[in-house]
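Per-chain residue numbering starts at 1, and chain names A, B, C and D are given in the order in which the chains are listed.
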């Protein structure tokens, strides 16, 4: 397969953080349109890996986004293609109003004010926040804030989505809404989450990271159902899969 | 039953927050040694209710801890008996080292330095942090930090534990360890959590709060299995219970 | 916190709320400068500015009593500083406090009253401004007036993260209170240092994460925004009207100062 | 101790305003160079931190309760120029949104509580701390923070006197005494915070520009 067919291609990526080997020899790829999960215990290096996918960190090795190699000169192009959603939405909503937040990316991409406004409004509307454009983020509920953070990226119309723990601190309703949103994101998706049941519902394929190394990958239903593997890496078999096995044996 | 037999007795508690009725007419009680969950959507008033249980907030109505009514004059006694664990462990760890953090409560209770140090070390050891007493909480993993926050309360040997979302942001392993810790806490426990499966594993009884009102209470397995009730209050039937029903029908 | 009330009021949609923030900012600055430079006597000089600011507050539809009560904030300071004046600035004695051998002088009393009135009027004008203008609109006005970008950007982030950090601070204080029914001074100090220190570390981490989130969306050092200000006819009309009203303030001052 | 509008005479507040404008222009240029635009959020978030830190009270010997003003702390962390810019923004927000301090008095307030603390306090700290150990640095921080508060208060007193709003000796004496106590609180909190930081993240205090 030509590398151009891949949305994300990571080859032998290593990263050293203050003398600590945070990532070592990571290689994997995502096909365009795939939805893939990244799981692993805290401190496994998931966030570090994700920051490499739009050049916020740069280690040794090669990362390509739709064939374009990430390096200093390609950064601004890469960042138009890769949308990052961070664990704490408050970090991502830094402008005075939601509409300004959602327009921040488009304006940096060089769109005109008018185009940016349109993109921002559309993204907010898609996330069910059409009425709240003039609000500041601290008047939102946790679930709204989470969707607003996604809208700020959606407005850039990225081809690749990288989401780091987007489900943290949501109540069951907010979590359900988020899962519905994640299942409908356009493009390629890489999702890091501790919520194994969310992973099962959103991602077909799954990468397991531990100690900075890729220790397993494969179909979510198979990888996460492997009780021994999960135990070994401080994870757990999601109840949804445990159920299934039980129903099958019963 | 005499009120003295109850660990926590709340009678007709209401609280008005800037003209918004945050709690209205709440009454319930916990028997000594009980483990009870408090569930409800974000904004239901769970945290507000919990802050009333050691007098950090005071609304109208009566709250008694082991028969002692919470009022200005009884605050210091109440706070020795009621241990609070807050959602963000960072809020709770503010001393330069973990050992000092764990000794903070005991010293404030008037124990000697020697006694306080002993209590602190014991609490850290119980939480599996014996080796880390000299560290600052900044250098801990999320799971360790969570257990450290619990150790700072454990060292006060409270009779009643009030825990607000202690499972937020933990990875599956940290979550499992936390569940084990929660099941072994000495004394009476009130646990607020969005993690319905954690609730099922820790608490026999359960209170449902929504819009500042107590809308249901009863055995966890019954209350949380009530799909209609859960739906109505933005919650969801935990998979563990859904399983059970399925196995029963199958 | 108080600034949440400010924000709520500022989010209103009355005619004054909709005025161009540049017009409001200039008007208030001119008013405050004018009032601060008015001479002290006669006190009747302050009648006209008082009428101006009170009617502006009425037109804006702000909760009158709340606004007035906020303006009493000047009292403690002025009382503390200006309490000496009536007894020390002469020469015209008004009366002698019986039993204390203290003479109250007319000039001193007038001066302290004038200070009080000036402070209160300026406060009312500032309240009118911030209670009818969302903070980010004020920042747009500052941008338009070429306030250095570092300052505008700093103000913007300051306001954005004020609540968040204030909430954090409140939660830390609560967590301490929950475990600290008593405590020695030394102990309290050590914990205060820890609380503030940790708050600072968290703020620094927050700044790093926000910066990353900005970079991820293509930030290149320039903050681009959608909003732009446009003068409408009503803004010009207001500016002219307010200007005419304000010109009267220094003229009155000159007239009185020159003894005409 | 934020001076309100109306208490300073025109020559005094205009003079102070001019000094502020000049100093600020230099600080802005230096701060923009030091913390290039790439770190735009840092100064704003630290400004918010000053508000949050001021909510944490500490009882001062003498009956009042002090809170951190933070000028010396910020200057030690960011360098005096960037600290001054942050403090100016803090005072501006305090006078606009909290009606604490006047608009015409902004210049005087910034000099008394911002410039004196960030440049003066920082210089005192540097001078006394030298390359010394923990104890010496703590002493230096205490003296710097105390002196910043005291000198700022005396300056305010002089401005009031020059404005004809207060007689010289009583106002010097009152402001001086009250702030000698407040300064103790400021000094103690500054030291306690720096000690915590040097334990928790020593790299912070080594990289001072």
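One rule holds in what follows: a contact is a pair of C-beta atoms (placed from the backbone, for glycine too) under 8 Å apart; a residue touches a chain by one contact, two chains touch by 3 or more.
Quick caveat, the model's predicted, so the values are computed rather than measured.
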| item | value |
| --- | --- |
| Contacts common to chain B and chain C (chain labels) | A, D |
| Between chain D and chain B, distance of the C-alpha-averaged centres to the nearest whole Å | 41 |
| Whole-Å gap separating chain A and chain C, where each centre is the average of the chain's CA atoms | 43 |
| Chain centre separation in whole Å, for chain D relative to chain C (CA means) | 19 |
| Separation of mean Cα positions, chain B and chain A [Å, integer] | 32 |
| Touching two or more other chains - residues of chain C | 135, 156-157, 159-160, 164, 168, 172, 190, 194-195, 198, 201, 206, 210, 214 |
| Per-residue multi-chain contacts in chain B, two or more chains | 96, 138 |
| Touching two or more other chains - residue numbers and ranges from chain D | 41, 195-196, 200-201 |
| Set of all touching chain pairs, with the criterion as stated earlier | A-B, A-C, B-C, B-D, C-D |
| Contacting residues of chain C [partner chain B, same complex] | 168, 171-172, 174-183, 187, 190-191, 194-195, 198, 201-202 |
| Contact footprint of chain B on chain A as seen in their complex | 40-43, 141-143, 165, 168-176, 194, 196-197, 230, 234-236, 239-240, 242-243, 246-247, 250 |
| Contacting residues of chain D [partner chain B, same complex] | 195-196, 199-201 |
| Sites on chain B touched by chain C in the complex | 51, 54, 56, 75-77, 79-80, 84, 86, 88, 90-96, 100, 104-105, 107-110, 138, 152-153, 156 |
| Parts of chain B lying in touch with chain D, wherever the complex brings them together | 96-97, 136, 138 |
